[in-house]
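Here the chain labels run A, B, C and D in written order, and each chain numbers its own residues starting at 1.
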Amino acid sequence: MSDGPLNRQQLQERLLHSPFNAFLDLEVVSADPEKQEVIIRMKMRPEFERLTGTGHWHGGPIAAAIDIVGDYALAMMFGNPLPTINLRVDYLRPGKGTLTLAARIRRSGKTVGVVDVDVLNEAGDLVAIGRANYSTAISAPHWKE
Amino acid sequence: MSDGPLNRQQLQERLLHSPFNAFLDLEVVSADPEKQEVIIRMKMRPEFERLTGTGHWHGGPIAAAIDIVGDYALAMMFGNPLPTINLRVDYLRPGKGTLTLAARIRRSGKTVGVVDVDVLNEAGDLVAIGRANYSTAISAPHWKE
Amino acid sequence: MSDGPLNRQQLQERLLHSPFNAFLDLEVVSADPEKQEVIIRMKMRPEFERLTGTGHWHGGPIAAAIDIVGDYALAMMFGNPLPTINLRVDYLRPGKGTLTLAARIRRSGKTVGVVDVDVLNEAGDLVAIGRANYSTAISAPHWKE
Amino acid sequence: MSDGPLNRQQLQERLLHSPFNAFLDLEVVSADPEKQEVIIRMKMRPEFERLTGTGHWHGGPIAAAIDIVGDYALAMMFGNPLPTINLRVDYLRPGKGTLTLAARIRRSGKTVGVVDVDVLNEAGDLVAIGRANYSTAISAPHWKE
């Protein structure tokens, strides 16, 4: 179908196929196949607070978003999201406000893809960093078939 | 205040302090300070589906719940939840239906607590396994003060 | 060739194919295909000390041994060691003397195997715990071919 | 004693305090406190081969070196190595020849330091990537005391 990597709009549409991704209300900011990088923004909502009234993010939606954004960096190249093998998150600082997640592919092999994700607050400070493995075994870049 | 580890009801009440935990609608099944184990149940809801109509869990709420259940195993001993340092999740099988999460403390040191979490489906198959580190540096078991 | 899982002696011989494994001088204590568990012992040697004269293990050989023992749990089932995808180690206590490493397969899937490893000192205290992923994509249990 | 971060020579001397580090024969290439980065080189030796005669690195010494180099990035700032809390390694490609390990501090907090390590072969390809947590709780930058 497609002749190359998915672009920003295609990734944005894809996100809505998943009820959970739609619930997180993620906005694809950019998709750069040369840098192998996808950037997504996530807004705070009341359900995501750690403690009522603090405005602090609970770590749960941050972990979930890291998983998704990492997956969408590979989806950009493969044409569709891939199964997550594992996910690892380091929480560095309490986070408030809109978060920006930047995912960069470190390796896209025959069976495993490895992606790094940095999570920044509005001031540009690191709130969390993630690393995840995805299964590339069942998929191949669809435009190369 | 308390004279010992938090019990099942106390942990259940504590969960509602956090809007995100309340949203996940977790049910504390048991809290066993001798085994150092807390078991929690999480029901499927439409927002948690990976793809509409499949009934499959998205990995995001599973990761979030692993973080929380691990934390509550330590909260049982410390009297309150602790900051998560890091979280690691291995996804083993697609999951459907109500999930049971069993968290067991592997080490509770002066600065770091280490907890393992198994996630099972209704048939008792492993859906995911998690491991996380929490900061014990600022807290001490409150009944030992 | 073989009609089933590798036994203790076969795993012990296999270890010597690798110069690094031979250098670590690991002793296979048991190999139990029903429990999906392999136990290996590792003796201290002067090169493995963290600081001269302390008798404390450096974390490096512990991490290396966790990788190997986890791999050999799968090797028991697959007939040969598999490529390591990733390795994670939590250090829980300083370790001295001979260490016992117990590896248990948590999942052996079509592309990824997941193994947990506990590392104990002579008193039976946990020194470290590990978890690793191995690539099962290119191999199949050889006696099933 | 010191009035600031340790320099390349001081880190090189420090490495020899540990029999295991000395055995790995690591060479500190650079130590840059502004970039929060330390670069170290590790030469192949026969004990480190995965299989005799292949020239391929066993993953064990790579994991061990990631731990050490990450620690030495923090040692540059704190004046001495710190206890490793945990270590995570993703193996991306088989590695041969001399390896270059570049460690960069991502966060140096009151109780935990987080460091990323890239491992490159002589062609500049990524062989492995690591991430580790170290305990900063008992230490403070010594020149700030």
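The criterion applied here is as follows: a residue touches a chain if its C-beta (ideal position, glycine included) is under 8 Å from a C-beta of that chain, and two chains touch if they have at least 3 such contacts.
Quick caveat, the model's predicted, so the values are computed rather than measured.
Two chain pairs are in question, A-D and C-D; the one with more C-beta pairs in contact is C-D.
With centres defined by CA atoms alone, the chain at the far end from subunit D is B.
Between the CA-based centres of subunit B and subunit D the separation comes to 33 Å, rounded to the whole angstrom.
Per-chain CA centroids place subunit C at a distance of 23 Å from subunit D.
Per-chain CA centroids place subunit A at a distance of 29 Å from subunit D.
Under the contact definition stated at the top, the residues of subunit B that touch 2 or more other chains are 85-86, 88, 90, 133.
Contact residues on subunit B toward subunit C in their complex (touch as defined above): 88, 90, 92-93, 106-107, 109, 114, 116, 126, 129, 131, 133. Across the interface of their complex, subunit A is touched by residues 17-21, 23-24, 46-52, 58-61, 63-65, 67-68, 83-91 of subunit B. Within the complex formed with subunit B, the residues of subunit D that make contact are 85-86, 88, 110-112, 133, 135, 137.
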